[in-house]
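Each chain carries a letter (A, B, C, D and E) given by its place in the written order, and its residues are counted from 1.
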């Protein structure tokens, strides 16, 4: 397969031909990820866009080596030229949380309910940066300030259920950033927040990226969040990358029918004068689970508005329509 | 708080109405005299016009869900009145309640938790019918299949269990169950918030279809103003147990009175405009 | 403290209920303490009747209960016919001995069960988990009695362990260290029996609770932050399993006085067991009532302890948000 | 934990320091020591033995249970003592006694210059005081009934400092045996609690050792609840060996409390105890297997005085509402029925399977090892099913085709036998008897009951059909057995508390027993008692089964160890016991 | 798939064991009450293929035990005559389940030799036969009593957990009361009110009733905990929203959650209850001689000399362990399946 980027040699994280198959999966034939490959360079922000079930979360977990042991994984994941897939548990310990960190979807669930949040951040530090307790506490407070939580003392001593939704998100970010990782994976980190808080969190992440220079992999189903935030977007469908490119290009001119469909989901404006009462919202027909994963043809075929005979019988190859972009669709072959 | 322009709706009597509704939770820790007081509802005045779609927006903990549960008669408020179809119902007897229940239905946020994992899809949908003794035996099953079809689920899946469905499908199941009793009033508590954009749009479209078909009245609760703002007729904004703003959507969006509403709207607009700019090719 | 007040009142009600029922039951049971004398041809029936009258057995049950309550209020807890002394003094020393035994056994059982349960939960389905499950199943199906007897037989065979009792005859003349060592040797058989008998259930409960917690998102998250191994299991997962485990611990504590009767009798441990058995069979009823009251107290205490523990570990409970 | 231990020891040993040393005091002038003729032993050592349960009290007057009496027996002494070996009486605190011609007046001369274990002198005042307490109706002493002869309490009079006169209301055979085990108590310590009506509460286990004194070879040193009681030498004990060494030889005597017989056997096997009394036959067999390796000796002393028997309920049930049992009494009342049952029981099997051969079959109430009273002429009905069938047939019983025995009315013979669950031996006997009588076509049910529940049925409710029980084992003399055989006796088990003898033979037994009681000449008395035994054996009110042998074990290096049939089997001469020096010494022995 | 196999395997084992015990009359070679007074505590019979002359026999044979002249209850094989093991032999008559009457036994040897598969007891009774017959009473009583306990526990636990407030409080106090009461006395009292002789059938039902009613407290506590958590589920609230009655919610949504715990409890209680008979026999409430039960067979082990000298007396303990392991296995497997179904 081709490398979409010219500068792939300088990639921090390089994922190649990653195929993941859950052992206990009901449909044994269909892998959760198929031949996924992309690069992450130092300091860049990459959005991964897709519906739920497209394999985004599996991707995130596999980058951190958190898939169940029984999972069948092939391909390679080169992080600083070391293949993460060959790592054992202790080697992973030197990567997780310190080089690659993750911000989870719902901090209310991903923070232990029975530990003070400060301690939870300190635990991460303790695991990777051994040092005296006192110093650690100061470090934690500094990190909390970095994510915009100025009342360090109160936050430090609070339990998760004592904090508001916005604060919890910041704590989760602080926890992920505590060891200044090179890569931060943010898995739908703003989903349960209202618009104001969402914007704040995006600001924090943007700030963090600017200040610490860590690469951010931002996983979302909402293209609107990526605008003005991510450099690059990777669109996933049914465990495959269907399109990749810089955000401005992709948003301006989406190539894959799926990308097009996703982009049109974002409402035009708050008061659409044309929309009459009860009129349908724009929507993608069908759902991911309708897709026949065992098909020989294009996986998106059943939901595609531009499908042809060919799409049913053959799987499209990846093409590079222009520098820095790629797409898997017959419309762009040749 | 009432806005003049609702006069048009005021002509029709409200389907559901809350007057001076208050609810306070007092929690006591086992080994202390200290108790924690949470005012979930403070003197809430709230109207729902028939056959309308009212969006209730507010951040988590603002009291939206408490209001929803009070309106659905799943919880009793401390003070205040609830009117439904022109009758005060907050102090109904058990028997009156049983008669009232089919008319007011609720769809919960966490579809996985609100569906018994041990039941099949058909059993889940049939449950209200069974409980209310509307149908029985084979008719029960065929009615469940009809309902599945109505919400866009294949009746072939009638024997699957909730965990075999995707989030969107589970939400459809929950909606099918809620409309099984042909209610007049459907309360959707964050019913679409856990879903992704495409599924959200589909579910909202489904709701619109159902509204048309059954002349349903909706109360759609969400933290996402941008989402519900697209389809709502009325918008209400809650903060700390109080309704700080309510009125027809256009009115509220055009002329928000409360700073919280203004803030929310500004953020939504910012996000949208970023996206439009990107689509337009700018950065 | 509202909560404590309520617990104490409930406890008192329970104690009253238990005492009344104890009295009713003891009155309903056939025979009484002085019956054995009837078998001695040299003691006349009138002497036996005199003794019965002396201890109020010719009085109605209510009168006896009243007298007993009065003696409880005096701090005597009733009167033993056999020992001719207040029950309290009889119970205290033996309760202490029982607590030494059961306290140690409970402590050991928990010290073994917690790591084992946590470990096997983490290794769910692997060989070591299966081995542990198989052996706990086996232990569960062997009666306590058989465990005790086999251990005792083993002790006789190996010659190095004492085969019963709590102290050697020359205990009084030993130094502090030697005394402790002597006590430890005597504890081996009964403690092992108790541990083996209580371990399997504990391990299984802990394992089950841990399996549930280990699937929680925050454990996964902690792992993603690079926290692993024992730290993850004990710092993150275990406290989160506190709810079921603290009530389990409450039950353990509640059974401290009553859980070792059989083992004490078999291994000759000078605890409440032999005293209670003797008293129950000899119809020395106030001793039985006293011992039952004491174990009720422990059960009440265990319940309170479980709640305190839960509050200490789980801040959600502490702050009233369950 | 340590603090706890210290606390307990402190509490219980607090009196120890103010005590006189327990080293044997040299004989003093005027002290009338009893000189024993045992082998001369050596001082020192601690003898450890186990007891079924702890003593409940140290009060000799109120104690009713065996463990308490065993310990009290070592702490106290009596005026006239039954020698457990010879089974005859011998002087103890009394130097001599004389009996008036009519056998009603006993004059007892006390030894001079004796002292209690606290060093206080002992004299006639103590004797009078002790009897006053025993005879006090308000004290409810179990021994009181012993001292009531012919319906009147014995009169006790002090003659001088060292002589006391006892007057009986009527002549009483072997009256001197009454004095055995009646502990003489210190008036100086006990008069105050007695006067205050607190006698039952005096001398409990919690009483400080300094406030306990007795005339026995040992005195209390320490009591650890639930664990053991430690006795130490009484330095003033009134016996000495031929070399004028004051007895006892042992420094200390320790009673461990070990809940059951098996555990006691284990302790003995493990070398934690030095003596084991009343070993069960099974454990005797088990333990005596490895005698060679363990430095222990085991003794089979032959049959005990106890007798196991099957008794049918012949009580008057008219007021009891027990019609179904009353209906069966028609069978039980037939002598031939009882004789048939007796013939059909295979006593040899009982001896073999229940007592593993260490027991003896019985046909009467007196054990073959009762040297003075066994009736050698007593017929031993052989085990014979044929004879049993004959007897039943002649009584009108017959058999159905399936072998079931039926009576004249055609009612199937079916009855139940109650037995105590706490006695494994009797449970086994019941199972054997069930099988034996099954061969006769009798349908016997074994009904195991908890001991007191059984007593309640036998003594109170009469709700039983037959029962397996045991009696005897105390003294060899017939007098203590009186209440078993007299028709109005409290232990006349088959029919309790008869106003008049229900049958001629019971009337005859009454006469014989009353006569032997006042007959002072042994030969005449023996003749009367033999007759009684024969009538009992012939009429089978009890179907006598067997008696266990007395089996004991002890360390090989225990000197003067002379176990006896009479209770206490091993400790009756504890003051003479000593450890023979050599390689057999107790491990961990203090020098 | 694998889980299903596990359940099936464990179930097959249990069914086989129960069947064997049901057919005790056929499988056991002797009447369990027949005493052989010349052979107390005989060790298990040894099977031989080669005789003293070195000849090999295809059919296994045994030697008769004889008492060794010196020594107590020690035996040696009388090598004089071989007794081949025979199958489908005639022996004492028996009935199976009160229906089939027969005298054909699975195996046996010609008299006077006796085949003691698990040795003999102190009366020379064949222990193997006693175990087989005893299993009938013990297992049935254990299962039935467990059923009663669990039913009562379920009832109280459900009501208490579901309705909460004072009902819960008083139910839990009642549970505590049951846990501490001196049952000994109650049972003694019960015994004294019963007729003197109770037939084995009556004893059986008595055992079941007594054990079952005493043992409900613990399951009740467990069930209550589960009901408490189950009734807080969202779908229960949803169900209320449809106007579901309490009984409907209990039946459809709450009860199914308790099955897992009930099963595990059942597996734990059955062996416990079988052992409990030892205590009850002591109070005169157990089955009495000559009927055998696992309880009274196990009681033999309480005697030190038996424990130390006659290892084959452990056979009933082994039988109990095997059966209860079987139950545990089944419970575990079903529990696992329930868990994987629900979450």
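Here, contacts are C-beta pairs under 8 Å (C-beta built on N, C-alpha and C of every residue); 3 or more make two chains touch, one makes a residue touch a chain.
Computed from a predicted structure; not experimentally measured.
**Q** Could you give the fewest steps needed to travel from chain A to chain D through chains in contact?
**A** 2
**Q** With centres defined from CA atoms, tell me which chain sits nearest the overall protein centre.
**A** The chain sitting closest to the overall C-alpha centre is C.
**Q** Does C-E or C-D have more contacting C-beta pairs?
**A** Looking at contacts between chains, C-D has the larger number.
**Q** For chain B and chain C, let me know how many angstrom lie between their CA-based centres, rounded off.
**A** About 53 Å separates the centre of chain B from that of chain C.
**Q** Taking each chain's centre as the mean position of its Cα atoms, how many Å separate chain A from chain C?
**A** Using C-alpha averages as centres, the distance is 54 Å.
**Q** From the mean C-alpha coordinate of chain D to that of chain E, what's the distance rounded to whole Å?
**A** 42
**Q** Which positions in chain E touch two or more other chains at once?
**A** Touching at least two other chains: 188, 191-192, 302, 304, 308.
**Q** Got the chain A residues that touch at least 2 other chains?
**A** Not one residue of chain A touches more than one other chain, so the list is empty.
**Q** Can you pull out the residues of chain B that are in contact with at least two other chains?
**A** none
**Q** Which residues, counting only chain C, touch chain D once they are in their complex?
**A** Against chain D, the touching part of chain C is residues 29-32, 35-45, 47, 50-51, 54, 80, 82-85, 89-90, 93-94, 96-97, 100, 152, 155-156, 159, 162-170, 172-173, 176, 179-180, 183, 265-268, 270-271, 274-275, 277-278, 281-283.
**Q** For a test of understanding, state which residues of chain A touch chain C in their complex under the given definition.
**A** That would be residues 64, 66, 89, 92-98, 101-102, 104, 106, 109-115, 120, 123-124, 127-128, 159, 161-162, 175-176, 179 of chain A.
**Q** Name, in rising order, each residue of chain B that touches chain A in their complex.
**A** 57-61, 166-169, 193-199, 201-202, 204-205, 208, 211-212, 223-227, 229-231, 233, 249-250, 253-254, 263-272, 274-275, 277-283
**Q** Could you pull out which chain C residues touch chain E in their complex?
**A** Residues 10, 13-14, 17-18, 21-22, 25-26, 28-31, 133, 137-138, 140-143, 145-146, 149-150, 153, 156, 201, 244, 247, 258, 280, 288-289, 292, 295-296, 299-300 of chain C touch chain E in their complex.
**Q** Considering the complex alone, what residue numbers of chain D touch chain C?
**A** Listed in rising order, the residues of chain D that touch chain C are 1-2, 4-5, 8-9, 13, 46, 48, 53, 56-57, 59, 62, 64-65, 137, 140-146, 148, 200-201, 204-206, 222, 224-228, 230, 254, 256-260, 263, 266-267, 269-270, 272, 422, 450-453, 455-457, 459-461, 469, 471, 474, 480-484, 489-491, 497, 588, 590.
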